[in-house]
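Each chain gets a letter, A, B, C and D, in the order it is written, and its residues are counted from 1.
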Amino acid sequence: MSKLAGLHINVGGVSMETPVIIASGVWPMNPSLWPKGSLEGVGAICSKAITLEPRAGNRGNRLRETHSGLLNSIGLQNGGAVSFIENDLPALSSSGKPVVANIAFETLDELRMIIERLNSCRDMIGAIEMNVSCPNVSMGGMAWGMDKGSLERSVTAARSLWEGPLWVKLSPQAPSIATAARICETSGAQAVVVGNTWLGMAMDNDREEPFFDRVFAGLSGPAIFPLSLRLVWEAAGSVNIPVVGCGGICGPEEALSMFLAGASAVALGTGLFLDSRIPSSTCEKLSEHMKRRSIPEIKDLAGRGRHFRRLQGGA
Amino acid sequence: MSKLAGLHINVGGVSMETPVIIASGVWPMNPSLWPKGSLEGVGAICSKAITLEPRAGNRGNRLRETHSGLLNSIGLQNGGAVSFIENDLPALSSSGKPVVANIAFETLDELRMIIERLNSCRDMIGAIEMNVSCPNVSMGGMAWGMDKGSLERSVTAARSLWEGPLWVKLSPQAPSIATAARICETSGAQAVVVGNTWLGMAMDNDREEPFFDRVFAGLSGPAIFPLSLRLVWEAAGSVNIPVVGCGGICGPEEALSMFLAGASAVALGTGLFLDSRIPSSTCEKLSEHMKRRSIPEIKDLAGRGRHFRRLQGGA
Amino acid sequence: MDLLHKSKHQPPLDLKGSLAFSEAAGSGCRYIRVETDSALPDTSPGQFFLLRVSGVSDPLLGRPFASFSGSGNSVDFLFRPVGRGTELLASLPPGTRVDLRGPCGNGFPVPRSRRLILVAGTLGIAPFLDAAARFSRTLGVTTILGVPGHGWRDFSGWCRDRIPDIHIASDDGTIGNPGTAVEEALSLFQHEDEVWACGPNPMLKNMGAMHSAGCERLFVSLERRMACGMGGCLGCSIETRSGSARACVEGPVFEWKEVLWNE
Amino acid sequence: MDLLHKSKHQPPLDLKGSLAFSEAAGSGCRYIRVETDSALPDTSPGQFFLLRVSGVSDPLLGRPFASFSGSGNSVDFLFRPVGRGTELLASLPPGTRVDLRGPCGNGFPVPRSRRLILVAGTLGIAPFLDAAARFSRTLGVTTILGVPGHGWRDFSGWCRDRIPDIHIASDDGTIGNPGTAVEEALSLFQHEDEVWACGPNPMLKNMGAMHSAGCERLFVSLERRMACGMGGCLGCSIETRSGSARACVEGPVFEWKEVLWNE
């Protein structure tokens, strides 16, 4: 695997062979469904969001394509924490890649109970990723990430309950991503994922009503990349913990931009719908760029684009 | 012009033959540069942002394409208020379409002086559009739209100085578009334009530095449409003054969605780079939809998609 | 979940290819062939591919289409322009580069009966186009095409050219027998016949009448909007008696009885 | 502003058309023809069109290309894949639907001298491809092509096929005369010659040497990223002695002396 030389990295307590993560909610939890070779270049795999109890997800339309984007309103469909631990985790974990457990909760009590369950299988879990950013449920989800107080309370609570690596996946809807990231850092998170989907909507013009039952839905895909990149730039400028860049990365060039802007790793979602080999081509591109610039290790790539020389003065 | 029957509307004090506006900063100010027939279906024309003094605009790269989007960092290049009034306004106004004067300012003093100048040619100006949302300058612009206090102060000031129709163009970066729109309404604005470009960025991977001198730039075009539509839904739900939908409209279907979500008019920007006939095709689509549903007047279309019957309950 | 008909599910491949031809198939429909850069795996009737234009992100997602005549380096599709993605696809000239993900889904199970009735509503004929010929070597195969009416004459002719003994029914009676595909199927049904159906949802739901008529093995291919085609996004879920199922993995072919039709 | 060479500026049209052919022009370059659905206006050398794929929003913007042989319903372009947009364009098969906006810009002014020297850096030859033939009926025309070196052999050949008396210079000396296009131009320059140049920015800047050599009328065609192509967005601005100018309206052709080269 000399192709991957120099790509090893430790992100917020998780040791990964490459800095390319499969984002939450886009990849089958059952490894028998993974296309052959699709794990090449993958450093870690996020689970679909796990809630305490099973959830059926949202009714009505769940997907709608936009120009270079995808609106989704899946609504955290999952089998609940117990089913995750019994049915999914052992298989996921046997893939050999660190498993990042993405968890969503409505109350701090629920958060506590999920973490207690996950504590029982601590060794199979690379990190917990607190999802305080899902726009597709009415309680919990994004609400936790919008307000400084609740963000601090929830991260502090998780920190006190979970000994392993703790990541927080922030919402692009947070009034200030820099502030949100800082709160996570001071509350004990070891990495922030920036970010989740952007709040959008679609109209069903023929029926003269919103396309989604819940009106709003989360926008992902290449359309949002320039916005996510800006968030990563802002977040990376405000914290010392690693930032995982996520949102709209659909090819190696976009991944590279994320690193230059300050990301220590990237997570791929919608891009995998188009091509399951993006993790592998991303690793190739990163290696090539590093070689050309004589950058020995991927960690030295993070933030290299921040030392720019032009003046910021406007006209 | 029976094609346009029913499309006449009064938006915040401006009487327009159609509800389709040419957005600020995308159209030549010199009518001799307008393609033949391109004003068909146009209800009003916004000027490029006017500042008190001439501005050279930003140096370095000004444009970068993204997936279905365009990042721009023009930086309010313009000849200043006096030059606008002397060189541009008479010609613009002789086109027969109401002219919306888009004004940008760094201080309340500057705001006052621009409005004083415009007062001298009040009869040639359909409305003033306060640009509190330009992301491409270091002072003024977006800063005015981000904070409740400064938004209130600036709109109140403009209101006291300008007797004609007053619109405010809000920033998608405002922490809450609903709140921002409400502040405008209570401070005396007669319409809000929702919104301007979204704050994004691009990286120059080869040079390992931000592509734009000012690092951030404004994202427009189809990529942002689902996000703008959501903002319009939120704003229209919080005020009684008309909302002008702007952001990513590149075809008739998107324009129609904006009306259904609550817009009383739409403004087209980047779409005109692709096809100068979009105003005309938009009007056709609107007429056709209204005919099919027996909607006599365009004003009755605004918000028709808000009375939806599905439950909002999530899973 | 016991919904996987095939014991060993094979995840799809991501392939690149080019449009080899794009022909009118009557009534606005298109018949296209994709030649792939690398060899295709075997596909079975009812399986499908996600098809998209290479290298661009608008349209973003692959659109699902049932494949037929898939073998070696070429695979055929039949589709109708109904929206933005399909309209664009219909306008592409031969030579256009495309991405394929597939074969996806379970496909129809191996037939157990000696007679097979294939029931298609308009474009629902696609998965049966080579199945009809393939199975008629060993089984008695009856193929039925239902169309709304006279606008579909050319398309019906195109189908008849390929399946000469096809039974055609039209709602307005202007092509073939008057009536629906389901009525036609009921009139041809014999005890122990196995029935496969593909078409619009309301038609598939009405296929329940076959059960009442004594049909024991009744399979339908369902359509859902899809993003990943491989069981990851849960965008294509279908409510079944055994719980939520993914049209792209546990489907698109389901036993009629498994589906909760009134969700 | 006195930068408009043509007294009456005509705004561009928005047209639709199809790729009629797309051929290799050597060294990776492509020669394409677009057939438009409606008639094209007259174009002059140095004017350009924004070209994009119809109906999709990625790539979003039209890319500017100098047109040649434009008349009636067809117009030709010559380009080199250098990025995402041009690479995609190079892969499109004939029949692909495209949008055109143009003709944009001022184009070169009517020549006033009896001899004209056309100086091209690689793809900068495009606007001169028919100008060379057109003007040589009435004027003495000398065409010069400068290329970096041996990688450009096939492209140089392609150009020579069209302009048999073309002077070719290469930086590495492997094709034609050793040296730059500017050096070649200096060596051929005669008093009172009018000189037009199109090519990469550094080359155009170096063209200033022609002035020192006594050239009075020296015009260059500049490149900028563009969005609207009609003077609206101010994305293409160029600093000139008369202030800020738009490459798409006051340009792309400027008097060399007007341009502030060290902005």
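Everything that follows uses one rule, which is that a contact is a pair of C-beta atoms (placed from the backbone, for glycine too) under 8 Å apart; a residue touches a chain by one contact, two chains touch by 3 or more.
A quick note: this is a predicted structure, and the numbers were derived from the prediction, not measured.
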- Query: Where the contacts of subunit A and subunit C overlap, which chains show up?
  - Reply: B, D
- Greatest separation from subunit A - chain, by CA centre: D
- Note on the structure: Whole-Å distance, C-alpha centre of subunit B to that of subunit D, is 36
- Query: Rounded to the nearest whole Å, what is the centre-to-centre distance of subunit C and subunit D, using the mean of the C-alpha atoms as each centre?
  - Reply: 51
- Message: Report the inter-centroid distance (CA atoms only) between subunit A and subunit B in whole Å.
- Response: 33
- Query: Centre to centre, by mean C-alpha position, how many angstrom separate subunit B and subunit C?
  - Reply: 46
- Multi-chain touching residues of subunit D, meaning two or more other chains, are 57-59
- Message: If I count partner chains per residue in subunit B, which residues reach a count of at least 2?
- Response: 56-57, 59, 66-69, 77, 221-223, 250
- Query: Is the way these chains touch best called a line, a ring, a star, complete, or other?
  - Reply: complete
- Which residues of subunit B touch subunit A in the complex? 55-60, 66-69, 71, 75-77, 136-139, 175, 198-205, 208-210, 213-217, 219, 221-227, 229-230, 233, 248, 250, 253, 256-257, 260-261, 289, 293, 304-305, 307-315
- Within their complex, state which residues of subunit A touch subunit D. 67-68, 222
- Item | Residues on subunit B engaged by subunit D in the complex (per definition of touch) | 25-28, 30, 32-36, 38, 48, 56-57, 59, 61-70, 72, 74, 77, 221-223, 250, 270, 272-277
- Item | Parts of subunit D lying in touch with subunit B, wherever the complex brings them together | 9, 11-14, 52, 57-62, 85, 99, 225-237, 244, 249, 263
- Query: So in the complex, which bits of subunit D are touching subunit A?
  - Reply: 57-58
